[in-house]
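Two complexes, one shared chain (chain A), two partners (chain B, chain C).
And then the complex of A and B:
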C-alpha cells in the first residue's frame, strides 16, 4: 500500500471554501464573512501570487462598453467608494490600500478616434458614468505634460486606482478578523464529492469539507473547474508593465489613448499595445498596456517593452529622459466573450465560480464578491447573473 | 591620452580620492561616506544596499543628472557628485 501524506483533520466544516487568495478570492472571503458565513481560503502559493500581484490596480468605468460588465463595474465602483471610508487600525481602508480617486483621462489623437470616444461616452453617460468632454486646447489644464498632438479627450472622475496586493491583503485580514482561515502554499488537488454534489476540497495536507466551494483561481480557474469535470475556458492573456524611477507627481490621472478600449475588446492573439500611463503614490510611473495570447510564457519580450516605452513617450514627451527601473508581466484570466464567470454551476451543485475577469479583476472584485455572497445565502443578486453563468461556453470536458 | 590611475571626484564640493575602474559608489564608500540620498517621504538616509544595480537604493546626482545608481556609474576625473534629496527633480 503506498504511503499517504498525513492528513490534518479539520475540526469544523466551513460554510465556504474559497480557492484562490488573489483579489477576487479575498473580496469574496470578506463579503462572505460579512453575511455571516464561516470561510476558509486556500491557495497553492502565497497571497496575491498570481495575476493580482502583476497588475496596475485599475478600478475603471471609462473602458467599459454598455453591457453586463459595465453594470458590474458600476456596482463595484460604489463598493470601493463605501469601503474606502471604513476605519482600519487608525487610518481608513482607502488610505491603507493606496486607493486614489484621481479619475481617468482618455485622449484621442485624431478626429476619427475622438468621434468613437464621443459616441462611447454618450452611451456610458446614459447608464450613470460621469464622462466630461475636454477640448484639445483645455487638456493641459488637466495634464500639463501631455503632448499637444491630441484632438481632445474625456475625463472620467469615477475612475480610481488601488495598490492591488495591499487591497487583497487587507481584505483577507478583515475576513480573518471575522473568523476566516487562510491557508497558503496548499494546492487544491481534488474535490470532495457526495454524488454529483461538491462538498469540499482536498489538499496534500487535509480534506476541507464545506457547504460550498468557490473557484476564484483566476487564470488557473479552468484547472479547478476540471477537477469537477466541468469546462470553464479561462486562458492566459499576457501583459507587460514598465515601471519608471520615482518622479515628483507629474501625471495626475490615469491617462490612456482611446484605442485601448478597442484593444481590450479584440480577440486577436497577436501582440497589441495601447498606451496607458499613470503615476503611483510611491512616485513611480506605470506604463502599459500590452496583450498577447502566448500561454504561460514568462520570458521578456523586448519588442513589447519597446512599443510600450515609445507609446508613453509619445503621450508624455517628458518621460523621454526618465529611466525604467523594471518591467513585469502577468497573465490576465481571459474568457472568449470577455465576461467573467460568476455564480453557481448547475453542472456541479455546490461549486460556484468567481473568475475570468481578464484585466479588470481588481476593479470588479468587490461587486463580484457582493453578488457571490448574495447568491450563497439565497438572496436575489442585485445584478442578473445570467450573462456570467458558468455553463455558457458549451460542453463539459470529456472524461 | 591615457587616463590618470588616481584622480579626484567632488562630493558636495569636497574632493574625494578615486581610482580608475571604481564606481561612484565605491569612491564614496572608500571615503567613508555611507549615505548620499534621502527618501522621498520620510527624508531617511540611503546609500548602498544591494550594490549590484537591482535595488535602486543608492541613487545619486552626477554632473547634474539625477537618480543614477552609484553602484553602477563609473567614476571619471572631476565628476560632480551631489547628495540627492527625494527625486531631485
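And then the complex of A and C:
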C-alpha cells in the first residue's frame, strides 16, 4: 500500500475494545460503560453500516421457541422496556429511537398451522410470554384489512419494533458521553497478543491495547475470530425487505404467518420466504422476510422479491395496487445451530464474543450486552452462557 | 406478460439513445428502444401531445431536424422489424439471465394506474444505457413554496404542454441551460423578470482551446443572449437567489451579488417580484440501472456521479455500453455522438461487417467533452448556497427533513457518510427517492464531516434494488428466473 495512513500511537489502554459498531457492539459498549469500564469501539466502516442498517428492527418474543434464545429474548425485552423511559435530550430514549410497543399478531392459514401455533403459544406462556388467542372471526377487530382466509391467530402484546439504526447510533452516543471512543472506517487487521492472551487490536492507523477484546463484528465475526486462531462459524444468510410508498396507517401490528417460526429455525440453504408485514411511523409498509444462504452475493433475486410481494398481497389484499418504492438487502449473521455466540473464549483468553444473532440481533442486543458486561466484571451472568459458548462448534468439518 | 427478444436493448430514447439505436440498427442489429416517455426525444426533444396547440419546434428546440430525421428513420426500421420502439415502459430492474439480460418494465405512462397492462420483459444480449439526467437542486429558504419549480420542470411544461408556468418568472441557478429556459418562457408570453446566474461566462476566457474546439456551442449561447436582450430580460451574473419570498405561495425572490471570494456582498440584496421561480444547478445523471448492473462509476468535474466508459463507450461490465449524460453531463450534441459510438460498438460486438470510419466522430467527442469540462469549471456550484443552508431549511421535501436534522445526524449521532445520514434521518427515503435532495444531502454530510464529497455519498442515492415504483400485485406474479438452489451447506 503506497499511501498508508500515518500510525497514530494510542497511549491509553482501554478496559474493553469492541470490534463492530452495529447494534450489538453499540449495546455492549453502552452496558460496559454503565459498569464502569473504559471502552473503545472500532469498525471497518461507518456506524450501523452492516446488517443493522438493513434490519426491520424486530424485538420479538413471539417467534422464539422455548430454550436459551427465548430466555435471552425475555431478558432483552425487559431491557428495552426499562431503557425506553430513560430521559434523553428533552425526550426519552424510546421516543428518540422510535420504539413502538405495538405488539405482534401471528396468524395461521389452516387448522394444522393453528394447532402448531396453539402448542407453541402454550409453551411460551409457561415461560412468561403473553400470548392471547384470537379466533379467526375476531381478527378483523385487530387488523381490519387482513385477508379473511385465516383460521385464527395469537396476539403477542410484548412484541415491539424499533428503528434499529437510530437505536445503535443513540446507544453509541450514550457510550461516548460516558467516555467511550468510537473509531470508524478503521478495520481491525490483527490482534495484539501476550502469549496466548489477546491484549488489544491493531488497525492500519494504530495499536489499541485493551484489557479485553469483544468480537461484535456481526456477519463478519468469523474473520475477527480467525485473527485469534479460533473458529466461530458465522455465515451470511441473505434477506430482502420491500418498502412500499407511504400509506395511511392501515396495518397496526407486526403481522406474520405462523410458518415464519419454522423458516427461521430451518437449516435449508435454499430460498425461503415467510410473510411478515408491518407499518412504520413514516407510513411505509415493510414486507419481509426472505432467507437464503448464497454467501455475500449482492445480485438481485427476482424470485425473492416475487415471493415477498405475493405473500404480502395474500395476507393483505389491499396492498395489491400499492407500489413498492424501495427494497433493500442484508446479510444476517447465521450460526449453524441458530444461537448467538456470547461470552469469553477459553481458546483465546482476553477475547470475548457477542455475535451470530442471525435475524434477531436488534431485539437480542440489549440482553446480550448485559450478559457480556456481567461476565467482563466477573459477576455471574443472569442467564447461563453455556448454550452460547464460543467453542461449542468444534473444529471445521470439511463439507 | 409480454416478452420480447432482441440483440440489443437501448434504455432511453433521448438524443443518446436514439443515436445508439439508429447506429446499431443500420449496422444490422435487432434493437429495442425502451423509454418511460410516451413520445420519443427524451427531455431534450420533449414534444407536446398532438392537439396541445400550435407548435413551432424552432421556437423551443435545437437540432429538431436531427430529431425528426432520426425519428423517421427509426420508424422506417420499426416497419421492417429491425427496431422495436417501446414507449411508456418504466424499467425497474435489469438482471442477468444466462448469456443475456432481462430488462423488466412496468408499462404505463403513470405506473400506479389501476388496471395497467401486463408486465413486459425484454431479453437482450447487449445493453446501451442512455438514461439521461434530471435537474440538480439545492435547498434554500423558501424553496418549498408553491411557485418554485425546477428550470427543467419549467421547460418540460412548455415543451410538453406549451404551457407557461406563470406570468412573471425569475430563472435562477447556474449554467448555460438557464438561457434557453428563459428564452422559451419569454417567447411563449411570460415576463422574465431576470435571469440570476451565479457565475460569469467571462470565465470561459480561461479555457480558450476548449472554446475554439466547439465554436458552435458558444454561438448557441450568444444566440440566446441576443434574444433575451430583445425580450429585455436582464441576465445578472454572479448573483444568487438567497430566499424565496411569500407565505402561501411565491410572491418574489431576494437576490444578492457575490464578491470575488464567493460571499454575498453586503448591501447588494434586493427583491424581485415574481410568481414563478425556475431554478437549476446543473444536472444529475440517472444511474439506478447502471449501478444495478454493477458498472464502475466516478465523480465528474461537476461533482456528479457518472458511469466510467472507455474509448468505445463500454462500461466496466461486459456487454454494457453507456452514452449521453449518464457518462458525464455534456449536452445533446455530445450525447448524440456518444450514442452513435456506443451503438456502433455494440453492433460490432455481434460481428457487424461494416461500421464505417468513426474517426471524425471520436474527434468530435473529444472536442465536445473538452467544452463540457470547461463549462463545468465556469459554472461551479457556489459554496455560499450550502453555507447559507440554515438548520431550519427543508432539505428532503418528501420526508420533511431539515438541514438541522442532517447536521445532527453527522455531528451528534456519528454518521460519517450520506448513506448513514439517510438511515438515521430519512432524507431521500420518500417518493422521489433522493432525486431532489440526494445531491444536497451528500454535500451537507461531507461539509459537516469536514471532507470533500465522496463517491460513496453520491452512490447512496442511486444504489437501488428497484429502480422505479412497481405495484406489489404485478411484482407478485412477475415471471422468470426460477428460484436458485443455495450453497447446499
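By definition in this document, the second predicted complex is superposed on the first by the 389 of 399 C-alpha atoms of A that agree within 3 Å, B and C clash if a C-alpha of one lies under 4 Å from a C-alpha of the other, contacts with A are read in each partner's own complex, and residues count from 1 in each chain.
Rule of thumb we're sticking to: contacts are C-beta pairs under 8 Å (C-beta built on N, C-alpha and C of every residue); 3 or more make two chains touch, one makes a residue touch a chain.
Quantities reported herein were computed from a predicted structural model and do not represent experimental measurements.
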Please determine, from the superposition on chain A, whether chain B and chain C clash or fit.
clash
With both complexes superposed on chain A, which partner does A:53 reach: first (chain B), second (chain C), both or neither?
second
Touching partner for A:293 - first (chain B), second (chain C), both, neither:
second
Looking at A:29, would you say it contacts chain B, chain C, both, or neither? Reply first, second, both or neither.
neither
Contacts of A:302 with chain B and chain C, given as first, second, both or neither
second
Please work out whether A:325 is in contact with chain B alone, chain C alone, both, or neither, and reply first, second, both or neither.
both
I'd like to know which partner A:271 touches here: chain B for first, chain C for second, both or neither.
second
Could you say whether A:166 touches chain B, chain C, both of them, or neither, answering first, second, both or neither?
second
Contact-wise, after the overlay, does A:230 reach chain B, chain C, both or neither (first, second, both, neither)?
neither
Any idea whether chain B or chain C touches more of chain A?
C
Once the shared chain is lined up, is A:245 touching chain B (first), chain C (second), both, or neither of them?
both
If you lay the two complexes on top of each other, which residues of chain A touch chain B in one and chain C in the other?
245-246, 323, 325
Residues of chain C that touch chain A when the two form their complex
93, 95-96, 102, 104, 111-112, 114, 292, 399, 409, 412-417, 419-420, 423-424, 426, 429-431, 433, 464-466, 469-473, 475-478, 480-489
Would you pull the chain A residues touching chain C in the complex into a rising list?
46-49, 53, 165-166, 169-170, 172-173, 176, 182, 184-185, 235, 240, 242, 244-246, 268-271, 282, 284, 287, 292-295, 299-307, 309-310, 312-313, 319-329, 399
Of chain A, residues touching chain B in the complex:
245-248, 283, 323, 325
Using the touch rule from the top, collect the residues of chain B that touch chain A in their complex.
40, 56, 59, 67, 86-87, 89
